[in-house]
Structure formats: C-alpha cells, structure tokens
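First, the structure itself, so that you have it in front of you.
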Amino acid sequence: MFSLSNMLIPAILFFALGFLAQLIRSDLKFPPDLAKALSIYLLVGIGLHGGIELAKIDAAGALSAVAAALGLGFGLPVIAYALLIWVVRLDRLNAAAISAHYGSVSAGTFVTAIAFLDSLKVPHESYPVIMLAIMESPAIIIGLVLANLARKGQGNGHEKRVSRELVHDAFTNGSVVLLLGSMLIGAIAQPAGLGKIMPFYDMMFMGVLSLFLLDMGMEAARRIGDFRKVGPSLLVFGIMMPMIGAAVGLATGHWLLGFGAGGTLLVAVLAASASYIAVPPAMRLAVPEASPALFLTLSLGVTFPFNVIVGIPLYFWAARWLAGPV
Amino acid sequence: MFSLSNMLIPAILFFALGFLAQLIRSDLKFPPDLAKALSIYLLVGIGLHGGIELAKIDAAGALSAVAAALGLGFGLPVIAYALLIWVVRLDRLNAAAISAHYGSVSAGTFVTAIAFLDSLKVPHESYPVIMLAIMESPAIIIGLVLANLARKGQGNGHEKRVSRELVHDAFTNGSVVLLLGSMLIGAIAQPAGLGKIMPFYDMMFMGVLSLFLLDMGMEAARRIGDFRKVGPSLLVFGIMMPMIGAAVGLATGHWLLGFGAGGTLLVAVLAASASYIAVPPAMRLAVPEASPALFLTLSLGVTFPFNVIVGIPLYFWAARWLAGPV
Amino acid sequence: MFSLSNMLIPAILFFALGFLAQLIRSDLKFPPDLAKALSIYLLVGIGLHGGIELAKIDAAGALSAVAAALGLGFGLPVIAYALLIWVVRLDRLNAAAISAHYGSVSAGTFVTAIAFLDSLKVPHESYPVIMLAIMESPAIIIGLVLANLARKGQGNGHEKRVSRELVHDAFTNGSVVLLLGSMLIGAIAQPAGLGKIMPFYDMMFMGVLSLFLLDMGMEAARRIGDFRKVGPSLLVFGIMMPMIGAAVGLATGHWLLGFGAGGTLLVAVLAASASYIAVPPAMRLAVPEASPALFLTLSLGVTFPFNVIVGIPLYFWAARWLAGPV
Amino acid sequence: MKPVKRIEIVIEEIELENVIRELDRIGVVGYTIVPHAGGRGERGVRYESLQGLGNVLMTIACDERQATRVIDAIRPILKRYGGICLVSDAMWVIHDS
Amino acid sequence: MKPVKRIEIVIEEIELENVIRELDRIGVVGYTIVPHAGGRGERGVRYESLQGLGNVLMTIACDERQATRVIDAIRPILKRYGGICLVSDAMWVIHDS
Amino acid sequence: MKPVKRIEIVIEEIELENVIRELDRIGVVGYTIVPHAGGRGERGVRYESLQGLGNVLMTIACDERQATRVIDAIRPILKRYGGICLVSDAMWVIHDS
C-alpha cells in the first residue's frame, strides 16, 4: 500500500519543482496576482463542493463537526503556546503569534490531502470542509488573547481598538467569507445552475492546485534563508507541532467524530497544518512586536513542506491503522 | 413558474456574496488584473458563441437586428437625457454623461440573463449578441453630441480634437474589438479548429461568470457610499430608466424582431442595462465636468444590481406574457 | 489540401485580431500578468504532454533528438551570425545578440504548429518537445561567446562575472525549468494523479493558446513602429533566416531523425522560430551595447508573424513533400 | 505655484487603512498611493505576496502646518509597525494659478 | 551630477496618452511611469479598476527651461481632468560624468 | 527628523539583482522598490512585458557618505544599461525621535 509511488502525485511533484526552481535560483517568476487568483478559485471550489455535499447530510453530524473545529481551533494554540514558552523558551509575544498560526489551517495542505486520497481512491466524509472554514477564526482570537495577556504590565492603551478590529477581521477575512459563502451557495443554489458552473470547478481543480503548489513551493524555499534566524529548537517545533496536532486530529476524527480513514486523515491535516495566508497579516497587526521571519518561516518554510511531503502519508498510515482494515 | 428558486442561480448568488462581503467590510480582495482577465474571457466567449450561431443564420435577420441595435443605441440616450433634464432637473453635462451609459449595454448583465435562461432551459435567438457588440458605440457618440450641445455658449476650442478622438475610440474600444473580432472568428474559422478551442469557452463560461460577478458585487457595494452624493431623485432614475429601457426593448424584441420569450428577454436586458466598463472612461474624457460619482454609482451601484436581482426575472415575466404560452 | 482554410485555424485568427486591434489603435489592453500566467500554463501543458508521451518511448530515439537539438542550438546562431556580419554587414555585438535569438526557439510558434497539425488531423512524433526544452540554452551561450569574441580588443574586465551568471541563467531560466520539470513530472507521476490534472491542460490548451496569441499579435504589431530603425536589409534577414532555419530543420527532421511529416514540421518550426521571451533579457544583460529595438523587432515583429501566418503552412508543404504520400 | 511639503511614506499594505483613518482625522484630503511595492529595512525584506505583507508608497502634498500633524500621527505607527517617512520641499503647480 | 527639476505628475490613466503627446510636442524625451496608482483628491477616491479610472504617477527629470514648458502644457490638463503636479530640485547623476 | 539624501533610481527590472548586490557590498540596508514601471529615455520606450524588460523604481534614504558610495557604485551600471539616478535632500522622520 505504501510505496514511494504515493508521493508521486502531481500536486506534490509540482510543489517539489517550485522548491527546486527556487533552490537553483531560477529566474522563474509567478505573478503575485496569479497566486491570488488561484487561491480564490481553490477556496470557492472547496466551498462549493463542500456545500453540495453538506446539503445532503444531517445537521447533527454537521453540529458535532463544528464543535470539534471550535475545540481544535481554541485548543491547539494553547498547546502550541505552552510548548513554545516552556520547552522552546521563546518570548511570549512571538509565542502568541506563532501559536495562532498552528491553531489555524492551511487550505493548500487540506486540498493536497484530498488529492492524495483521490489518487488512492479513498473516499472521505464531507464535514471536514466546514471545519476548514471554521478553524480560521478561533485561532486568530486566541492569538490575540495570548498576546494581550503577554503585554500585561507593559501597559499600552492603543491596543483596545486594534483588538476590536481584529475580532471583526477574524470573522470576515477573505478566506472565511469565500469558504462559507461558496458553501452556502453550493447548498442552496438550484441544481440546474450549479450543474452549469461545476465543470469549471471540477475539471480544473487538480490542475489549478498543481500550479498553486508550484508557486507555494517557490515561496517555501524562499524561506530557507531565514532558517538561521529561526534557530534549531524552533525548527524542531515546526516539525513536532504538526505531529502533535495530527495526533489530536486523528483522535478527534476517529473517536469523537467517528470518521473513516479518509475523513480522519483530513481532520488530522486540519489540526497539523499551520495557516500561511490568513493568519500572518492578522498577527502582524495584532502583535507587531513578533517577527514575521519566525512565524512565516515556521508555517510556510517548515511545517507546510513537512506536511505535504512527509506528514500526509504518515497521518494517513495512522488513520488507516485506527480505522482498521476496510 | 416564478418562485424564489429562479433567483437562486449561482451567478446571482455570487453577485450577492460579493456585495455582502463588501458590506461587512471583509478584507477579501480581487486583483484588478483578474477582473480584466475574466472580462476578456467573457467577451471572447460571447463573441465566439455568437459567431458560430450567426454563421448558420440568414443575413436579413442579422440586418434587422443591427438596425434595431442602432435604433436603441441612438434612441435610449435621448430618452434618458430628456428625463434627466426635465424630470430630474440635472445639469446638462452630467445628464449627457449619464445618458450615454444608459444607451450602451452591460455584457455582465447580458450574460447573467443567458445564465438565467439556461437555468430555466429556455432557448433564445442568437441575434442579440450582435446587438450587444453594436450598442456600445452609438451611445458614446450621442453622449458626446449632447455634451457638445450643452457646452454651446460656454465656448471652448480644445474640444474638437477630443471629439474626433472619441469617435475613433467609440468604434475601437476594447470590448467592441473583442466582441466583433471573436464573432467574426466564430463565423469564419474552420470547424475542426473551433472544436478544439470551444471546450475552453463552453465548460468554463458559467464558472468564470460566477467569479466575475463576485467581483462586480463587491464593486457595486463599494458605490453605496456615494448614494448620498447621488440624491433620491437620481436614485429613482437609476431604477426607472432600466424599466423604461426594458419596455422599449421588449417591444423591439417581440414586435419589431419577432423573437421568442428568450430572445425578447435579451433585447430587453440590452436596452435596460447601463454600461459600466466601456462608457465611463469615454465620458470621463468627453465630459470631464461630469461627476464619475454620479454616473458610476448609477450604472454600477444601482442599475446593475437592480437588473441582476429584480430586473431579469421581471422582464422575463413580461417577455413570456408577450410571447404567449409556448 | 492547401487552401486558405488551413490558415483559418482560430489560433492564427486570434493572432491576426490582436495585430489588427493594435493597428487600429484600439484601447484593448491585456494585463502583463495575464500574459505571464498564460505562458506558464502553456509551458507546463507542453511539458506534461511531452513527458507522458516520452515515458512510452525508447531512450535511443530521445538521445538522438537531444543530440539534434544541441546541434541546431549551437549551429543555427553561427549561420545567423555569419549572415549578419558578411551579408547584412551589421556590427558584431548586435549580430551576436540577434544570432542568439535565432538559435533559440519560440514556444508560441511551436504550439501554433501543433494546433495547425491538429486541425489537419496529422499526427506527430513526441520527441520535438524535448528539443524545445533543450534548444533555449545553447543559443544563449553561443550568443555570449560571440559577443565576448566581438569585444576582444575593446578590453573590459567586468564581463567575466556577467558571463558566469549568464551561463547559470541559460540553464535555469524559467521556461527551461518549467518545460523540463513538467516533462519529468509527466513521465514519472502516477497515472491516477495525472488523470486528475490533465483535463485542465487538455481541454483548455487550445483556448488558452488563442488568448495568448491575441496578446502576442498586439505585441508584434507594437513593434512595427521600429521597422524604420531596423532597416530593409535586416527586415529581409528576419524573413530569410527562418526559411534557412526551416530548411535545416526539415533536413534534420526527415533525414537525421526519420520523422514523419508532422514531426518534421515541428523540427522545422523549432529551427525557424526565434525566441522572444527567454533570450531577449539574457542578451540585454549579456550584450547591453546591442539594441533591443533590433533584436525584439526582428524576433517578435517580423519572424514570429511570418512563421505563424506564412511559415507553418509553407514548411508543412515541404515536410509533406519530403515525407511522400502517406 | 505654491510651496508645499511633500511627505513620502512607505508602510506595510495592511497598515494602509489605519494611516488613511489618521489622515481623515487630521483633515488631509489628498494623497496618492502606489501599491505592489517591496523593500528592505530593519525588519528584513518585504515583497508583495498572498499574505498582503508587501509595502505601499504614499505621497502627500500639504502645507507645513498639516505636515507637522501628519508626521505626529504617523510616527507611532512607524514605531510600531516599521516603515519610513521622508519629508521634502516642493512647489505645487496649482490648477488655477 | 547636474542640477535638474524633478516634475512629479499624478493623472488619471486615461489621460496618459494626452500628456505624452504634450511632452513629444515640447521635445521632452525622458520620463518614467508608475501605473496602478490610486489616491484621493478634490474629485474623490480613485483606484485601479476595470474602467481604467485609476491614476498613474509620472516622473520627469529635465532642465529648468523645459520644466517651465512642461508645467505650462500640463496645467490646462490638470485644470480639466484633475490630478497634481509637484516640482522639486534634484541632482541628476549623469551616466558619463 | 534627520537630514538625509534621497536617491531615486530607475533601472531595468533585470538589473535589479545586480544593484541590490552593490548595495549589500556597500552596506546599505534600506531601500524601497516599485515594480511594473515603464518609461522612455535615450534607449527608447520601456514597458512591463513577458520579457521582463520593464523598469523598476528604487528609492534609498541614506546619509551623505553612503549616498556618495551608492552613486559611485550605480554609475557604471547606468552607463552600461541605461536608466537614471536622481539625488535630492529630505528629512527622515525617525521612528524614535
């Protein structure tokens, strides 16, 4: 079942190609607007698919998925924070900013996991898509709370207004709006009309993902220069934290939500992945004292490649082991 | 036949999503170049489809459609101008600029109407596509003439050159060139080659439209801030004028051109819609004294959403009533 | 067999439309990032297709194709240089820069040739795709060598470092990385995953090409203003050199590589086409004394349109004559 | 022509909204924004990306009195989030003179 | 280095062609254009959009005599279509000196 | 506020890497880059395109001593590849003063 060939799915190969192109200092350039366009497309596509599936299923299942997502979104940053403070011995503000990234999710990793399942023809539950949409916000808020706690004693009045704005931003950021909005559209639009637009999202999806990952590979490799700044103990955190997250996610998916191997993998990936699109600007605003070189390098340069290349197959192996032989 | 479900076509829902995202001040951003790319795609797609259909039909029908388009393009701005001067009591230069917008057309609204017909599985004639291509230009020229008339007595020598350039621009603006050019290509290209490119324009069309309308919804909502500047009587004009235009269009489509319900709806939409891409820059150059806050807010912020959400189903109801039971 | 209808393939018609739009000074604008996006898509698409085909074929054939590509890449610039120096009597630095363009290739022309073969339902070998990927680099290096030879006696120390960088760039430029990388992915990725991404590259390919050529048509027409600077003898070179290249390519394809009419046409097109994306910036860096008005106008404004409109059918006629009746 | 202060500010894209709010508070109506900027400073390299962590370049022409107020309002933002602010002299070609 | 006037113009994208025509008439060869600019002034907010109603930023380095002619040519355009023009002093690092 | 030199450079996009290497050599840390620029000069019209032959606009604020070194390093590049470099005076609103 598990051979190298599982990793030869095109999405991952394109990620590797982008990584390599950057390593050999190719002049290959990806227009930033193209990356934005591809990410809009992917989020809408995920949302529509999720919405169509969700329209078919029961509300009770959806509710427990929502509850699990909230639990993960609020709980994981606390675990990350504790590790960063007590084990890595990082200062509190950087710890708060980094924690928020690990409580949130990476849609790119999520979709790569779906591509992985597709390539093995393993089915999966549709609830994890709701969880994806929901997990962005709580982590941002917890990050904010941790940062405000950390600042106690340093006294600063201006923070209140920023905090209020950030809570607003946490719930209205572009990814959340696109995911939830398209999910709703997928659930309520009339089927004939949906039938007309879905080819655009079905047939191109994996191809668009491959181009997106090509760019993300370049982006990840660009971060390698900052490894020095990050230091060895944080780099280890960038690999251990996704594994801890994945363990929590596997338990949640298997025991709490009762998913099969496919769905359990997706929950593990949600818990293991760290945001590198929505959370960085939020933390930049919320905790300007924290260094983007740390949180971006960890989420984009360490955890993202680790999950895409090693994590997904590893978590799936565990999910399969939990789910037992089919 | 007419239930809420008619409005639940994805194109309209995405428009609403964009509108909402802007209202709740989401940080969702659409790269301007992406909007330009989608609009190029849509215009070429409309043109190719139209051209393929037109290659099959008789020249006489095409000629009367062209004549009707010219009539609407020259006539509607005059109606709009009269209303603006005598009823709304607007100054002549702003009235001239706004009139030009209402004589021209909105390809976005036109394609949304096609999506609407598709979702009801109602067929439509192909002539309206030629009318779409033709109606951009006359309105710009009439706007220019009205503005020059308005300026009589104010004396200004520099205008002549600008006018000459604008007549050139009216016939060579990007939308016109793309529509007419692709229509010609659709009509004359050899079928085997067309067969290779049409999947790109067929299967993605409604999906691309949904993304385009997502952005247009945001753009429309951005205009709400200027409602104050526009004032109540102009806002009413922004809703009445499309209905007057639609009435003229319905009459033209049904009686003059003898179209069925589908084709009649499309002519009504051409007459009812106001340009918000090609005409604004033309009027900005031609009538710099006129306020973009007025003409853009009316065409993009009032008439466009009205047509997409209320107008299309309403005009179709009327078209059906005229066409009689099938 | 050869009628005007062969030229009515949509790709060529869109090129003509773009050319015309620019000639009539339409305000049609193509966002530069869209052109970059389309070119990334096309290169990846060509690469994947090539890779899938190459996985099926024997290494011996691939090796002789590689050898032929290297031969053409190193040989053609020398022919071009000799012509420019002795016949056109151009200065050595401009001659070096221009020669490099003609030794390299134009992926846009290559794909137009594939569209041409498709429209005639003529099959072709898959080796030419490797040749496309390989021919970018040698020409750049030869251009550099010729320029350095030309500078002998003028003395300039700074050149060494630039040369070293340029050799690096020649092998890592974006087009080369995308082509070789996707070819490798196409060859090694597991089939199930490839099956998921290929619809994106299959069904849209010719449609995307049509939009790309629309922009390239505008770009080519923009160069017409510089025809004066180029002068008549260089303009003639811009038409003769592709024919000489095509002759060499036809011979290589037919006799050396033993290809059929389709494959022979593609080799001819590789030899006949001049680079207008990867080589211009390389020559700008390597030979800043050379005038971009000369090399860009020749490759983009003369040779590219000539090949697309006249050259491809002409070379195919010759390829067919060589290959004999099927 | 009238002598004015030309204020040139480079800040992170995500800070732009805050700066405009400050300008509104002070009553500065006019400014020009150039997006897609990158750069390097004490806080490392910045470039346009999916995250919106690139820079924007803002130019404000105003009289000396307003300039002082703009600078005072901008300074804490620069302190907190980084960026630069340069002030120089220029002549404003007024439309009607 | 040679002292020059640095003219900085912000105009609507659609006006660019007209301004370049004026520069050609005057004989100014060199200029730099930054597209995609936005801004706010007496005529409200402008931003890049489908309509091409965003701004461009144009910088011209020239001697004082040419500067006067550029300003005279630009002024009616600014009056009619809006925008700003700032003039300041700079030293031009000439290539060959 | 502290008086600084404001160096403004327009070069071809493909030259950017070389210029940054020179800045690194000199020890200049801060600069701002605006991409997508076009323009016209002795070497004809330049605009953003597939070929990367458009311009970028680079702004550097530094003290006079560094400015001299930057200019010396930039001059041969301008001579070889074209472009312009303008130097003017400005006041830098320092974050902490």
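Brief remarks follow.
In this document, chain identifiers A, B, C, D, E and F correspond to the written order of the chains, with residue numbering beginning at 1 in each.
The rule is short, and it goes like this: a residue touches a chain if its C-beta (ideal position, glycine included) is under 8 Å from a C-beta of that chain, and two chains touch if they have at least 3 such contacts.
Values in this document were obtained by computation on a predicted structure and should not be read as measured data.
The chain with its Cα centre farthest from the Cα centre of chain E is A.
Pairs C-F and D-E differ in how many C-beta pairs touch across them, and the larger number is found at D-E.
Placing every chain at the mean of its C-alpha atoms, the farthest one from chain F is found to be B.
Remark: chain C and chain D have CA centroids separated by 45 Å (rounded to whole angstrom). In whole angstrom, the spacing between the mean C-alpha positions of chain E and chain F is 19. Look at where the CA atoms of chain B average out and do the same for chain D: the two points lie 38 Å apart. Rounded to whole angstrom units, the spacing between the C-alpha centres of chain B and chain E is 34. Shown for chain B are the residues in touch with two or more other chains, namely 27, 29, 33, 36-37, 203-204. Shared interface positions of chain E, defined as residues touching 2 or more other chains, are 34, 36, 52, 82, 88. Of all residues in chain E, those touching chain F in their complex are 1, 4, 6, 29-36, 59, 61, 88-93, 95-96. Residues 12, 14-15, 36, 43-44, 48-54, 76, 80-82 of chain D are the ones touching chain A in the complex. Put simply, chain A touches chain C in their complex at residues 5-6, 8-11, 13-14, 17, 20-21, 24-31, 33-34, 37, 115, 118-121, 203-211, 214.
Within the complex formed with chain E, the chain B residues making contact are 32, 35-36, 39, 158, 219, 226, 276-277, 280-281, 284-285, 288, 291-293, 296. Residues 33, 36-37, 40-41, 44, 168-169, 172-174, 176-178, 181-182, 184-185, 188-190, 192-194, 196-201, 203-204 of chain C are the ones touching chain A in the complex.
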